[in-house]
Amino acid sequence: MEIRNAWTIYLSGEIHTDWRAEIQEGINRHQLNVHVTSPVTDHQASDHCGVDILGNEDVPYWKDHKGALINRIRNQTMIGRADVVIVRFGEQYRQWNAAFDAGYAIALSKPLITIHEAVLDHALKEIDAASYGTARCTEQVIDILRYVTLATNSQKP
Amino acid sequence: MEIRNAWTIYLSGEIHTDWRAEIQEGINRHQLNVHVTSPVTDHQASDHCGVDILGNEDVPYWKDHKGALINRIRNQTMIGRADVVIVRFGEQYRQWNAAFDAGYAIALSKPLITIHEAVLDHALKEIDAASYGTARCTEQVIDILRYVTLATNSQKP
Amino acid sequence: MEIRNAWTIYLSGEIHTDWRAEIQEGINRHQLNVHVTSPVTDHQASDHCGVDILGNEDVPYWKDHKGALINRIRNQTMIGRADVVIVRFGEQYRQWNAAFDAGYAIALSKPLITIHEAVLDHALKEIDAASYGTARCTEQVIDILRYVTLATNSQKP
Amino acid sequence: MEIRNAWTIYLSGEIHTDWRAEIQEGINRHQLNVHVTSPVTDHQASDHCGVDILGNEDVPYWKDHKGALINRIRNQTMIGRADVVIVRFGEQYRQWNAAFDAGYAIALSKPLITIHEAVLDHALKEIDAASYGTARCTEQVIDILRYVTLATNSQKP
Amino acid sequence: MEIRNAWTIYLSGEIHTDWRAEIQEGINRHQLNVHVTSPVTDHQASDHCGVDILGNEDVPYWKDHKGALINRIRNQTMIGRADVVIVRFGEQYRQWNAAFDAGYAIALSKPLITIHEAVLDHALKEIDAASYGTARCTEQVIDILRYVTLATNSQKP
Amino acid sequence: MEIRNAWTIYLSGEIHTDWRAEIQEGINRHQLNVHVTSPVTDHQASDHCGVDILGNEDVPYWKDHKGALINRIRNQTMIGRADVVIVRFGEQYRQWNAAFDAGYAIALSKPLITIHEAVLDHALKEIDAASYGTARCTEQVIDILRYVTLATNSQKP
Amino acid sequence: MEIRNAWTIYLSGEIHTDWRAEIQEGINRHQLNVHVTSPVTDHQASDHCGVDILGNEDVPYWKDHKGALINRIRNQTMIGRADVVIVRFGEQYRQWNAAFDAGYAIALSKPLITIHEAVLDHALKEIDAASYGTARCTEQVIDILRYVTLATNSQKP
Amino acid sequence: MEIRNAWTIYLSGEIHTDWRAEIQEGINRHQLNVHVTSPVTDHQASDHCGVDILGNEDVPYWKDHKGALINRIRNQTMIGRADVVIVRFGEQYRQWNAAFDAGYAIALSKPLITIHEAVLDHALKEIDAASYGTARCTEQVIDILRYVTLATNSQKP
């Protein structure tokens, strides 16, 4: 596929379900020219990268700090390259970093898509209001990607 | 053709005539290294994409809202990538979105070309005055693209 | 009122009704710390300023061009200073310059409010979708200004 | 106090405790030249402003949407004016909007200070790592403001 | 006059005629809320400031270099603050610095007005084409300032 | 040569000598990974493109205007893509457009190199002072390109 | 003095001599409309502010880290407001933070002035080359400020 | 390796040890899709490039100036392209240019990694506090690059 038509998306948020794989599968299925980027989704690696690489810390705050900054190298770079930022919120965990990514993306004028169930609508109203659409499932996200990249909404195969 | 010499243009506005196809044909005829992007030009798809993908709405305003935001993902991304934004205005329809795109492009310092007949000159004076040229037909746009990309104004084949 | 709490708004669009005066009156009535700016709203002056100041033109396109560029000095400067851009669309006239201003404001990340009747909703869907709210009358705009500047929604005096 | 030495801060997050009043009181006590801005902190007003001003909505998502966009006019404007953005996270509520504000501020290169208890450190590690300091109480924030605005750390009065 | 309505203009170019004084006089005459800034217009001081302040240079190129950089502190700062940049070109001298200021201003999206006689039109066509108007005399510039700041074109007093 | 190491330069100014060909020849000779872009250097084509493409004008100012704006589409785009902007000034002609390009490039933080003889030093002092080097001949420019792209200053072949 | 003519300067670097007081004295002596800002110059306060305000740290790296981030709130804000950034380098100490401030200022397109003795010229060549002038003493800086703010180089009182 | 996954890093600072070669070797060893850029690291070439290319200078300050500006063409371009800027500080030399590069990178919102021994921690606290991590050796940098580009922290081969 031609590079000039390629889109890059960044998938932020929930790392305990396989929603990223579903979106990648949909991209493959529809042969979309979409390149997927993500934060590190290995929870253990993500939590420990700071001390694993740069040396141990006794104080948990600084252990977290070192790791979060290394992860930020990746996340900031990938959001900077993304045409669209997609953030999934789940019931579990607080996911403040996902909301942080959403705010970061909006300030850079990146189109934002949120994915979450209706039960979270009220809690997420500020982020949804800044987004370009709220999806309830990954299939809807795939449909959006298909529509905006192929410029068609015809029947699915 | 070499990627380093490639130009990308965004064709905004009128979707009920075949002016985009004419420009693409002219690009092909002159073998210009110009990549054409556009909003979704299927009127039905464009109007219904929001509810088709993200679920129905009873209130027309929100149906329009959902669709317009999804279309904006594409339009904003494509204008952001464009070297030149070309907007065609016709007699029919209000085409406020075309004028919106023109303002958006100018604020991003994108060179703007307008295409419309002389009868619209007065109504479009603010947009024409911000543009880098007002064409009366697609052949003039093709000539501009030919001139600025090939750096020559010699006889046409 | 303290300068640090002052807001500046730019009122673009329709110049044949007294909606700007209504908003100014509401600002006075509620003693809001809001400074109103506008394009030149004297239709004759606006249309003729170019040739009146810089000399006559035989070709109408250039007469319009000279005037539109002088008006743009004011409009671009005032939008640049505005905290909020408010655009009113009416049935009459094409008002492409109002839509242009809206696109220009959005690209500069200025909060946009539109005012128009429901009959124009479909035609204005792209601009409404980029806005932070669609008002049906000036009183609603005054209420928004009151709420965002005073941070309260209590009963009106 | 001279306007040239004035600082503006934006206090985002928790609205159910009186931390904003505490910071204002500390600013008064130390006679700091600091101007405090905030989102609308009246929970009811904030939740209902959209439908109160622009008309009712049957669907809760759109009711939230209208309100969140009106609140965003204020929040985006105030963050844009702030020299420092201060975000307080509490145990209660998800406060995704606070995290969104933090990401938005960081993308605009605004210095960020977080306030929260240690029990939230791990959940907030990405935001803390982007911040310029994590305070445990409002008194620490006041001390930071005192230090950075007065350029001294001498004994408090 | 209220600070919120004030305009700042930067007058670049020709320093051997009294066009700046004429514009200032017109601003006074019409009581316009316009603040005038300029480069250093004392030719001797401007040429020698570098070596006068920072010590002598044997090589003329470096003497010029030191002076030009000190002047640039002022010019860059003043253009940065200007709402409108006005550049006067005369027959005498090459005035490449005036053309440089024009390019600098346009890249910063500052409205540009040029002043020169018709005999220079062809040589200045690129700069005029980027400008928002070409005046032939200072009175026309004053009229533009009067119109854009007062938003009226009524009879002069 | 690898695209990741490629440099793009824009050659502005003098169009009546073959300095551009000399730089291109030097790039070929040293096999530098440098892509050369330029304005349209065919004087006749450049002067007439506006009326040739968009229709005749009776008034010379508008003929120039139309042409200059079309040329600006190319020039602005190419300067925007350039890593380095190189401007040659000669004795002949006023070359205000070259000085304009220099100012435009500096405002975009593009490294600027000037080429001219010493006799023009005083007249060009402001532009030279903003540049990253003043060359006296094309061979010096080629040496700079060779040095900054190959990161070596070893003997020439 | 009128606020519209006011200049703000930021004095970075050396904190063990009284060069800041000398510049302030010169500003007073010449009654210049220049507002001086600085980092915290109390060495002890600056080194300890992090742990003094936000609590102790056992690891020196984190003690430094907490303090440096709080100081950065002030420094980044003040550089952001400055029209001109002035950095003094001395023989003593490494002053990497002063060089960091210089790089930060240049990337923000702030005019930079350096002050240091000739013995440091070679070591500071990259920073001097990005500056708008290298002064040897504070009196030269005062003369520059006098010249660029008063636009005159006449005899001192 | 796919261009869409490629990272570009800029290695600033110390030129008298082989730390750049070590990082390149680690990138090769792990087959990372990382493109390395650097300033000119040939000390002699770097010091003399100005006079070698553009002609001799009698005054050492201007010899340094000419060279530093030519080097800046490369350094500024390469930092502008870099995803991550990595700066190594050693005991030897003052390396103010390295600190300048760090400040420049941070102002452009580029993730910064520092490398230095603990003995320099206090002197580098401002730069470390702006960085996304402080490494003690090149192997740690390689581990960071491996982690952020491969998104894994698994056992090394």
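Order as written gives the chain letters A, B, C, D, E, F, G and H; numbering starts at 1 within each chain.
Keep this in mind: a contact is a pair of C-beta atoms (placed from the backbone, for glycine too) under 8 Å apart; a residue touches a chain by one contact, two chains touch by 3 or more.
Please read these numbers as outputs of a predicted model, since none were measured by experiment.
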item: Chains touching both subunit C and subunit F; value: B, E
item: Interface residue identity across copies subunit C, subunit D - same or different by half; value: different
item: Whole-Å gap between the CA centroids of subunit E and subunit H; value: 41
item: Mean-CA-position distance for subunit G and subunit D (Å); value: 30
item: Centroid distance [mean C-alpha coordinates] between subunit C and subunit B, Å; value: 25
item: Residues of subunit G touching at least two other chains; value: 3, 69, 71-72, 109, 134
item: Of subunit H, residues touching subunit F in the complex; value: 3, 6, 8, 35, 38-42, 45, 48-50, 52-55, 66, 69-74, 76-77
item: Subunit H to subunit E touching residues, read off their complex; value: 57-59, 62
item: Of subunit C, residues touching subunit B in the complex; value: 60-61, 64-65, 67-69, 71-72, 75, 89, 93-108, 118, 121-130, 134
item: Residues of subunit E defined as touching subunit C within the complex; value: 3-4, 7, 83-84, 109, 111, 113, 131-136, 140, 143-144, 147-149, 151-154
